[in-house]
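Lettered A, B, C and D in written order, each chain numbered from 1.
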Amino acid sequence: MQQVPFLSLITFLPLFGMIIILLLPKSNEKAIKSVSIIITGIQVVLAGMIWSMYNYSLGGINNQATYQFVEKFRWIEIATVSWLGTIKVDYFMGIDGLSAPLLFLTALISFIAAISSWKIDHSLKGYHAMYLLLVTGMVGVFVSLDLFLFYIFWELMLLPMYFLIGIWGGPRKEYAAIKFFIYTLFGSVFLLLVMIGLYLSATETLANGTKVFTFNMIALMDPQNYTQTGILSPLNPNNLRFVAYIAMFVGFAIKIPMFPFHTWLPDAHVEAPTAISVILAGVLLKMGTYGILRLNFPIFPEITQQLVWWIALFGAINIIYGALCAMAQKDFKKLIAYSSVSHMGFVMLGMASLNTAGISGAVFQMFNHGTITAMLFLIVGVIYDRAHTRGLDDFGGLAVQMPIYTGFVSFAFFAAIGLPGLSGFISEAFVFLGAFSNVQIRVITVVSTLGILLGAGYMLWTLQRVYLGKLNEKWNKLPDLDFREYAMLVPLAVIILILGVYPSFMLDLMNSSVNTMVTFMAKSQTFFSSIQF
Amino acid sequence: MNGSNLITLSLFILFAPLVGFWFTLILGKKVEKSYLIEIVISTLVLLTTIYVTFTKLFYFPDTKFVSEFTWINLGEMPLLGKVTVELGMMIDNITALMLFVVALISSLVHYYSIEYMKGDKRYNRYFAFLGIFTFSMMGIVLTHNILMMYIFWELVGLSSYLLIGFWFEKDSASDASKKAFLVNRIGDLGMFAGILLIFVNYHTFTFDKIFMAIGNGVLPFNSEFWLTIVGILLFCGAIGKSAQFPLHVWLPDAMEGPTPVSALIHAATMVAAGVYLVARIFPMMTGDALLFVAVIGALSAFIPATIALTQTDIKKVLAYSTISQLGYMIMALGVGSFAFGFFHLVTHAFFKAGLFLGAGSVIHAMHHEQDIMKMGGLRKKLPVTYYTFLIFCLAISGVPLTSGFLTKDGILAGTFAFGLLTGNSIFAITGFFVAMLTAFYMFRILILTFHGKPQDEHKYEHAHESPFLMIAPLVLLAILSIFIFYTANPFNADSGWVLSNWIKTPASVVPEHARYSFMVPEKMQEAAVKTTEHITHSEVYTEALHHAHIPAVLLSLVLAGLGILLAFAFYQWKKIDVDALTLKVKPLYTFSLNKWYFDEFYHKTFVSGLLGISNILAWFDNYVVDGIVNGAASVTRMLSRFSGVFDNYVVDGAVNLTATFSGLIGLAFRKLQTGKVQAYVVLVVFSLVLLLLFFVKI
Amino acid sequence: MNLADFLFYVFAVITLVSAFFVVTFKNIIYSAFSLLLTFLGVAGIYVLLGADFIAIVQVIVYVGGILILILFGVMLTNKIQNVPIKTEASFIIPASITIGAFGGILVSTFINTRWKSMPAELANSTLTDVGHLLMNEYILIFELLGILLLVALVGAASIARKQ
Amino acid sequence: MTSIGLQHYLVVSSILFSLGLFGIVTRKNAVMVLMGIELILNSANINFVAFARYGNFGFDGQLIALFVVILAAAEAAVALAIVLNIYKNFSTVNVDEIDKLKE
């Protein structure tokens, strides 16, 4: 379509940066840090260019022609023994309205987290190399359209994360890192199984007319492409699609993280350094919901329809359970971690609505949660850098000592509890509007509105405990924000504000894709009900 | 006269305070006098508003100005149809009146605060917060759709949070601000649920479109029951914001904020937003929903009035009286007396703001002493404050020649008429009883504060009249509390311009059999007289109201007089011993003094319950959910240890056994244990050989 | 049996026998010199296969470069003065059996497979064609290899230089 | 006996391969292991060139062989550098004595 392979550039740029960092001498710390900031900065610029060239009217989802910035090459093609046929993997990248917002989010958050990594003090070289590798993995997940490629990036991101938590983390870093690793690996195994099952069930017709098994996500979305006997084929009366759906869902749910698979998150957050927490909450959690929207929904539309109630139920549990758990926390970071659990529940609730308002709300909420939670973790980072404690009860009255910082804190907190005028409100409102419009999950929606109240409860309580009241004399020397911290917080705040006042920037971007998706889900429903065994 | 510029000017009215907020906030620390930006903007807004309001009311009393633009376009939604979300403004008569009230009191409070807040270390920030409040309040008033109202509704909550917690170093202030926000959120949840219901059924948020749809017979889920539910849910927002029973507990605590703020937000404007909301959605309220509204209003009028009798903090008494008066308005709307309910909102805004500003003047003079038991005799020291305060007290008690008389009397007549028509006289009884209580406790604080002997000589000596900027707003508000601004006839407001031209009951769109019976206009009447088509009420109702008027006037006069008399008897002439009486009705007294134990009850049940649940869940999360995970991990570890043992003894034993038979393989396996790469290579090749032997036909 | 066939057997024998010596000599120096023979034998086979350019490269790079490198390695890592440059072997029996079987299978597979052989006419010299391919179709790989060699050079130097 | 064909070359290469493998497996000296690897590479190269000759694939096989030679050179250089480094650190080049990986 166009000449410049933007997606490959934006994906592999960090890898290039990693090589540069590896070539730099260990002692040149400034250069190493600068490289990772500059590389992620270029990524933001690239993302901006992609945005400016993005065509809002194309839908994507199940129509390969309406994906944008597509790059498709043969990558692996091996003729093997007869029953397996040709193993064919494409290097296939492209974005639509579902992945575009998340691509921009990833670029942005990576950049901010790179700035935030400035204070990492040991093994800088390794840290930044790992960090850039992680960024490649994250971007790759959002742009790849071939299941195999997707899986490679998915796993690619896991390893650096393990080391980033396990080496540069807090006191219980080994425990947290192992827990994170095993949990995610556990999910990946499910993902892999389903992936192979899908591969062996669907074929794609090549240019020369032969049919080969395919990893192409878009081909997998078309029920016509399945073979009669494939184990996950809808045409096979004894298919295992239901089991596969659950397995894949669990694989992604661990990443979201969905109750009851969420316990790795508080541990990982508490131990991870600030920048990694920002990445973890800002981008990694979105991969779970993105995966469900990108794979589970269009590939298994009929089972999605059956399970909508359950998805919504778990969304509601996440919302309320997360909020209640957050309320009882004494560690600032843990509190924010549980608030993430709660906020990701909104995404699930919105997805379950299966209508435009709800899914738009869900995707928008992914973006907003990315920016808002990133800001919250940065805020905790600021205070932790200065005071070296995160206990909520250790503070008090910081508003007197650090007024500007407290201003940002209030901004972020109110964004998190969905104050109108800030972006979180729009997405939450749309999630509720959408979910409430779906008759099946109406009651669940009403119950989960309680989350709004609980969210306000624990956020304001935290605000009061840490920032209001009398200043704890222990902290009367803490300085206010410095330039670097402004550089991280101001862009996020501006984005949150702009998207709150004029959300169409983001909603228009995803609108045609979301509409395509909803139409597709509704249509395939009729297709599946027409299959007679 | 062209009305099209009104919308443009309203845009200025809406956004100028926001600009002021940003500039004052950002310049706050660096520029010493940045608060002047806010002052200037607020004055400009007031002038513009006066122009807009009076142009609208005098030249276009029957026109509705609407302007909107598309904010979010979701396009053709596959399951729901075309959905766009519009933002827009609407100026009708009640908007114009409300604009005037907000702008006037807001700028008066700005001027007043210049003196009152002098010396505060966050002086500029205070004015910035006033700016964002004015912005949000104007937003509520000007909007033409329910979603935008909700948006500004929350923003008002935010500014209220910021201003109540302005002196956040005090724990009580930060507690109060949090409580205010959360309690408001409870109400907002209901409102939000109502909005969801509206969206699902009408796919729009615009009031006019919703009303039109209902008028065309489109009901939520095709049932009047759900229409009632929608009405009640939306009203929940008003319960929270207007501090109605059972969510009234935040307002007295909100008095922790600076006194001018209490005057602006917690007496005149923000809390009145609830009443404004009910007025806005009045056309879609069914009879049942209105009855619910009326009951809540009556309870809110009665309970706080009884609490106000025993409180000794001057601001708390005023706060409870505010709740009680808001209850009046809500009750008036609930019994269908739309015009008087809204009218009372306007007059109450002026005299209640005046009362708070007067109390502020007293507190200022007494060096932040708020306990009326420690005041007394201030009449001579603060003459202007005293006389204006007296006028406000007369107004709120409903003494003739004041604005309060006009409206309160109208409301009482409305409840009376309601009783006559439906046989349900509980609202009338409540109304009259509360009128007496109001007169009593208002004069109680007046007497204890200004009359008698000073209780605290030291503070009394230092007290002095407040400076001009604080006195002037008081005088202005006192003047506005005189009847002449609203009607020429001091005993009946019906013929006055406010009621006859400006405030008109909107036409109900609810199906006829779901309304109050008296709100169904007779068919004949409607057909015969074209001009009355927008009047909701039937002829019978007008008749009943007419009949109710005279008895209501007389009765309310008697009761107000009785209340005032009792107050004098208790506190001025000391004819009746207060302490002895207190002892006699000890249980009732403590009950009232402790505010009916609402706070304790809520704290014991909801707050502690919630915290308890959250602690249990956190424990559950930590030990059960995570325990399962860790348990699974340790089980796996145990299994692996077991399999290690198994490997060592059983498998290895078998290997060694094999080795005795087949020395070569045994050798290979034993080499394996050395962990050397080369051994692995041998093994790999060996396995390869086996595989090849298996697959390749040689 | 024509000359080409005869030469093939000669080279094959040279290659295999010297390779056998490479892996069996106890003295590492002897092994290294046997390796020289092996390389030369392989070069001869290349010539027989009509790949003259590869044969030349084989001689230059392997014999001239790699072997010298290996000899340097031997000299630098064995205490020539003190200890005889002999190295022991291990796993001989299992290795010879396994690998013998493996080789047997390989050989028998190759022999039993019916290869579709369609030998092209032998050109005079492959040099021009190889050069063309190298500069056109394989230019990217060619350049990458250049970079690789550079990296290997720098890397080898830096690894060996340490401490 | 038929005239020399593809099979003969393949047989030679497979024997060479086996010998290389044998060297890798049995010898303890790291340099010797390296030599074994060279043998294996050579055997692979013979295959490439032989298939190029008899398979009518043009010169691709030869080119790959050429690349393999180059790679082998690079590999030898790096591997010997590593061996030297190991020798400096452990004073031995016997692969079975270097078992730091086990710890």
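Note that in this section a residue touches a chain if its C-beta (ideal position, glycine included) is under 8 Å from a C-beta of that chain, and two chains touch if they have at least 3 such contacts.
Please read all numbers here as calculations on a predicted model, not as lab measurements.
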> When C-D is set beside B-D, which has more C-beta pairs in contact?
Replying inline: C-D
> Going by C-alpha centres, which chain is most central here?
Replying inline: A
>> Roughly how far is chain C from chain D, centre to centre by C-alpha average, rounded to an integer in Å?
In response: 6
> Using the average of all C-alpha atoms in each chain as its centre, how far is it in Å between chain A and chain C?
Replying inline: 52
> So what's the Cα centroid distance for chain A and chain D, whole Å?
Replying inline: 47
>> Using mean CA coordinates as chain centres, what's the gap between chain B and chain D in Å?
In response: 83
> Of all residues in chain C, which are in touch with two or more distinct other chains?
Replying inline: 90-91, 95, 99, 102
> Of all residues in chain B, which are in touch with two or more distinct other chains?
Replying inline: 678, 682, 685
>> With touch defined as at the top, which chains are paired up in contact here?
In response: A-B, B-C, B-D, C-D
> What part of chain B is in contact with chain C in the complex they form?
Replying inline: 664, 667-668, 671, 678-679, 682, 685-686, 688-689, 692-693, 696, 698
> Inside the complex, what are the residues of chain A that reach chain B?
Replying inline: 179, 182-183, 259-260, 262-264, 321, 324-329, 354-357, 360, 397, 399-400, 403, 414, 419-421, 425-426, 429, 432-433, 436-437, 445-446, 449-450, 452-454, 456-457, 460-461, 463-464, 467-471, 502-504, 507-508, 511-512, 515, 518-519, 522
> Of all residues in chain C, which touch chain B in the complex?
Replying inline: 90-91, 93-95, 97-99, 101-102, 105, 108-109, 112
> Which residues of chain B touch chain A in the complex?
Replying inline: 29, 71-80, 83, 147, 150-152, 154-155, 158, 161, 165, 168-171, 174-175, 178, 181-182, 185-186, 188-189, 192-193, 196-197, 199-200, 610-611, 613-615, 617-619, 621, 625-626, 628-629, 633
> What residues of chain B sit close enough to touch chain D in their complex?
Replying inline: 674-678, 681-682, 685
